[in-house]
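Written below as structure tokens is the structure these notes are about.
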Amino acid sequence: MKKSILKILSHLILIIFSLIIILPLLWILRNSFTNKLNAYKIPPEFSPIIFDNYIEIFSKYPFDSYFINSFVVAFGTTIISLPLAAFIAYAFAKFNTGGKQLRLFLLSTQMIPPIIIVLPIFSIYLSLNLLNTYLGLIIAHITIILPFLSWMLISFYSRDIFMIEAAARSDGATRFQALYLICLPLIAPGLIAAGLLGFILSWNEFIFVLILSGKATSTLPIGLSTLSTHRGVEIALLAAATTLTVLPALILLPFIKKYLIKGLSLGALK
Amino acid sequence: MSNNLDLSDRRFGYILTAPTVLIITLVILFPICFSLISSFFDYTLINKSFNDFIGIDNYINSFKDEQLFNSIFVTIYFVILVVLLEFILGFFIALLLNSITRFKSIYYFILLLPLLINPIVVGLIWRMFLHPQLGIFNYLLSLINIEPVNWLGDPQMAFITIIFVDIWHQVSFMIILLLAGLSAIPKEPYEAAKSDGANIYECFIHITLPYMRPVIVVTILIRLIFAIKTYDLVYIMTKGGPGDSTDLISYYIYRSAFISLNLGEAAAMSLILLVIIIIITIPLFKYMNRLD
Amino acid sequence: MKYIKILFLVLTISILSFSSKAVTLNAIMENVPDTHFIKELLPDFTAKTGHEVEMDIMGYGEMHPKMVPSLTSSTGSIDFMPVDFYWVGEFARAGWMMPLDDMIARDGFDTSVYFDSMMKLVGEVEGTTYMLPFYNYAMGLTYRKDLVADPSHQAGFKAKYGMDLKEPTSWDEYMKQVSYFTKNGTEYGVVNQGSKADPIAMEWSNYLYANGGRFHDENWHGELTSDAAKQALKDYIHNLQDHGPVGAASFSFDEAFNVAAQGQAYSYLTYNWFMPSYEDSSQSAVVGKMALAPVPGNGSLNGAWGWAIPTSSPNAEAAWEFIKWVESPEIVAKRALMGGAPTRSDAFSNPEVLAKYPHYDALNRILASAKNFPVFTYTPQFVEVMGTELSKAVIGEKSIDDALATMNSELEALAKKDGVYKN
Amino acid sequence: MQKIEIKNLSKTYNKNIVAVNNISFEIDDKDFFVLLGPSGCGKSTTLRLIGGLENCTQGNIILGDKDITNLDPKDRDLAFVFQNYALYPHMNVRKNLSFALKLKKTSPKIIESKISEVSKLLKINEVLERKPSELSGGQRQRVALGRALVRNPKAFLLDEPLSNLDARLRAIMRTELIKIHKNLKRTFIYVTHDQVEAMTMANKICIMNKGVILQIGSPKDVYENPNCLFVANFLANPLNNIIKTEIKIDNNNILFKKINLLINSENFNFNITNNEIYFSIRPEHIYLDKRPDTIKIDSKIEVLENLGHETIVCTKIKDTNEIIYFRDSKNNRFKPGEDISIYFDLKKMLYFDINTELRLIEVK
């Protein structure tokens, strides 16, 4: 009895919390189907649904290419960063490679405002012909995302996981096989969470893309900032573009369900 | 004396570490050294040369700069409040999410959404919502007879508003990390504790917290660094105002680099900032090492 | 050896002349209507010259950071660029702009079609022409002409102040109108753009000029502690707090415009090109009700963008072709008809344009009398200082005198640093 | 013929914590070799060192005639069974069993036949498609064992494999392990802290404490002839009776002061340097009837522990505070508080030096 009351209370709090998160987003959704005049009308009035904003962001602005570029860069960054982060975190957790100094070094590179580093990187890229390329953007994003993912994953390599790894080693696995056949699947919740954050960080990164990209490789944040013009914010277009921006979450949903919600039962350990 | 196996263990560690360290070093170390050097010169984008060595003048100027100190204090308040509130709220929500089984993915999906929205957009849309006359917030408040709130036009209120919007936007970051940590805790200790008659609170103190400690420390550490680097939100929402009530240090440095084009001074301020961050994070870092 | 050299030279020249025949010009442009209009007209340019133009369109805030790294490097990726008057001093000082005098003389481009003040703002720097003016954002008074024309208000105003209600020409008259229309016919007498940095700095400059003040004298000695400046700031705070909406201290032009566009304010001192926006029924509830006038008391602040060619431009000659094309009378007239904000004065007397946009008459008057903001290397920094100090004065964190004194001393310090200050 | 030789093996953690201190021993082929000792004695570490899961600080491990000290675990061909099984939680039982074979690139056919053979032997053929988390403790234990068996390794290293099972299952698995060992004819190295397991399964027991080896020998040997007090104490069920006492020798008699026990000195031929010693007598060497070479002691019953098939009797020796345990094969024979006479088997009494705790050697 007491348990079910607790459950209901939990859901109640979660519903309120979800509402706080989602109501502003629904208001954005609503504004994406109206024009600026109606978006700002107080008290709000019902207005006929129009799709002009969605058409305009693709006809007047190259949002299709912003989307593709964002996907390529964020996906590329995540795919490359994740294994590297998993490897270095393993080395930190298991062998304490490089000691505290290396860990602190890795993190301290991220404590400097990106504005300061991006200009020298611009000069390097200029001479290497990396400006306005996917590769250049992905490399830049890896450097600012990798340290965080590495740190995040250290704590997921628990003693239990190393024990199972030991079993694999005595079963005849090489160090590397034990790492990717056993350890990586076992830290899947951590990897998914890290991958998600890596993707999000790259998806939203602004300064590096601004300086290092060009027309061909500009990502969504640049496109979105375009809508804040000197003649005012194109709020209806912005609402439409934002609505599309959060769509990738739908793609991520099955992964979330599989790895994060259930968690990985390590019940077989004991 | 170490034997071959120790050696090959260590070698394996180096092999796994090398790619990351290499990339980071190649891409970031040069810019950092560059800015370190430029901080000792009158190095501006207008006059890009290392001709005018001025020693530590940039640092002295920074220390004399009242605005900079104001920014540092504003940033410290901001970071502490944001990280603390987001952590408490995030941990609470993560625990709730971890305890339920139904509709979990729906909640999760919802809280993921704000993270996918660019901070610039977050700033713009919230500025619209919080418009004193034309925003939906004050309209809703007016329905229950509350006077229009001056969300961004009043120094104290603007600071609170920025913090609120940041929490709205970023609290999910905490939730995702903490929930991942929670889902990696084995179930057995809880079952054992419950059979020993422990209540929820005792389970939390004696099982959840100890298991979660490393994840908590890392989460706070990472969030702390991100919070210190926040600039887009104030750039969009307040431009650091009214007055200089929301003038975060990263935005200050941004202006010094891109508006004043004074890279040498911006670099000096960045390095001062770096030292401050390290001073703040080292206790956390030490604490974490003690856990191993 | 000599022959090889000659051969090489011939080769280079032929390559250069070939490349000048058909190149792709790259530019970073602001996301404003004019940019989109030019984009629409580009096929005409390509047909005439064979050159293609690739425009990377972005928000104002992103342009400067985006352009600067490219300008500082020896091999540029930008062929021509719009330059905000903010950046003119800085770009000239850094040597990022190519002098255009030779080309102008060679091709006989007539620069007298631009207002003098416009050429001073975004044309010449210390006698050298680096830019041709592109589009203007001079500030004016936008106000509710329907309210002014309303007989009941005319009677009421006359009864209260003993003067006729009409388009205000003197500052005092305007201040009375602001006071009159507050909570009377509409919600607010005025809406201000009080947000930090450029919105408040630009807006207050109109107040300064309208009160007869100025930033500095000929020798760059600051005049911001003058009585006129004090009165200007007093007026500004008074308007913002007593006759404007709550929260105007945080408004950027977007918020302020929306208040006016929703019909909640009698007047808004702002950029003239908000007029087409007021007439756009998808964002305005005051279609046909707004009028533009010079800021009363000859207070209009000038503002404009110019066209420049970076010294690092790989295709300078083709870029000049483009600027000549885009500033040709026909194209400027077309841009004006599409709803742009041109700077050529002939566009303002074009009957076709005037028929479509009656406010161009007022704009003509504004541009003829508009005063410039201090243009020097440190304009952006000075705007920052102004933004902070004015904002502090508005929220009461600093007294009017203190804020103005700080602005004054910072202006002098920056002018000294730049070398324009003369003893 | 694969003999395992451990030579001067040491393991030190963090430069100062010595887990294993210079140990040497040999394991013959097909031995069931048990490393026995209390927790933290270094037995598990020794096993992990042999398996290559830890790197030794010093010493050598020789398998057959090959030095495997620095060999990677995968190249040692030794199968490990872990105390908590360490099954791969993300793989089902079949995949758990086939993991090692797949790594060796064994053909699928052979893998299949191996798995069916082993799973039948261990009675887990019904659960092959389940994940470890869906198995009972006993089944998990069998899978862990099966994972080692399918590999047909040179030797099996078992680290307290039965300790997580309940008493009944443990007894069953014990016999099964003995059977498996007999059938496989392979070397088993088995770590446990349970002397019953050690005694029943081993053909050689190695008793460790504090990182050093105390005694190695057959179960009978170490049981009957413990070389030190620790071994004597550890190999006893339920408890060894150990009494620290002052002795007094006069003429032909020796007096154990603590319990007022006077025995004839022909039963006590030791050189002692101290007038204090430990002596021990196991519960099963205390009788209720007089037999040859026994000595009578009067005592009073304190507590009776009825185990069903026997009773553990706890008595207090008359006029002392010393408690003595012994076993009575009949139940419900006594009542607490009752006075009884018990008989120590003089031939089974063991004596230990008070300082070194080593067994006192009989002087001939």
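For reference, chains read A, B, C and D in written order, and residue numbers begin at 1 within each chain.
Please note the rule applied: a contact is a pair of C-beta atoms (placed from the backbone, for glycine too) under 8 Å apart; a residue touches a chain by one contact, two chains touch by 3 or more.
This structure is a prediction, so every number in the text was calculated from the model and none was measured.
Looking at chain C and chain D, the chains in contact with each of them are A, B.
For chain C, the chain whose average C-alpha position is most distant is D.
Each chain gets one centre point, the mean of its Cα atoms, and the points for chain A and chain C are 39 Å apart.
If each chain is reduced to the centroid of its CA atoms, chain B and chain C end up 37 Å from each other.
With each centre defined as the average position of its C-alpha atoms, the distance from chain B to chain D rounds to 56 Å. Residues of chain B in contact with at least two other chains: 9, 45, 127, 131, 133-134, 258. Of all residues in chain A, those that touch two or more other chains are 40-42, 119, 175, 225, 227-228, 233, 264-267, 269-270. Listed for chain C are residues 61, 65, 254, 258, 262, each touching two or more other chains.
Chain-to-chain contact here is organised irregularly, matching neither a line nor a ring nor a star, and falling short of all pairs touching.
Under the contact rule stated at the top, the pairs of chains that touch are A-B, A-C, A-D, B-C, B-D. Contact residues on chain A toward chain D in their complex (touch as defined above): 163-164, 166-175, 177, 181-182, 185-186, 188, 264-270. Partner chain B is touched in their complex by these residues of chain D: 52, 55-58, 69-70, 72. Here chain C touches chain A in the complex through residues 26, 30-33, 36, 54-62, 65-66, 69, 73, 75, 77, 137, 253-254, 257-258, 261-262, 271, 273-274, 277, 281-285, going by the rule given at the top. Here chain A touches chain B in the complex through residues 7, 10-11, 13-14, 17-18, 20-22, 24-25, 27-28, 39-44, 84-85, 87-88, 90-92, 94-98, 100, 102-104, 106-121, 124, 139-140, 142-143, 146-148, 150-152, 154-156, 158, 160, 175-176, 179, 187, 189-190, 192-193, 196-197, 200, 203-204, 206, 220-221, 224-225, 227-228, 233, 235, 238-239, 241-242, 245-246, 248-250, 252-253, 256-257, 260-267, 269-270, going by the rule given at the top. Contact residues of chain B toward chain A in the complex are 9-10, 12-14, 16-17, 19-21, 23-24, 27-32, 34-35, 45, 93, 96-97, 99-100, 102-121, 124-129, 131, 133-136, 139, 168, 172-173, 176-177, 179-184, 186-188, 214-215, 217-219, 221-222, 225, 228-229, 231-232, 236, 250, 253-254, 257-258, 263, 266-267, 270-271, 273-274, 277-278, 281, 285, 289, 292.
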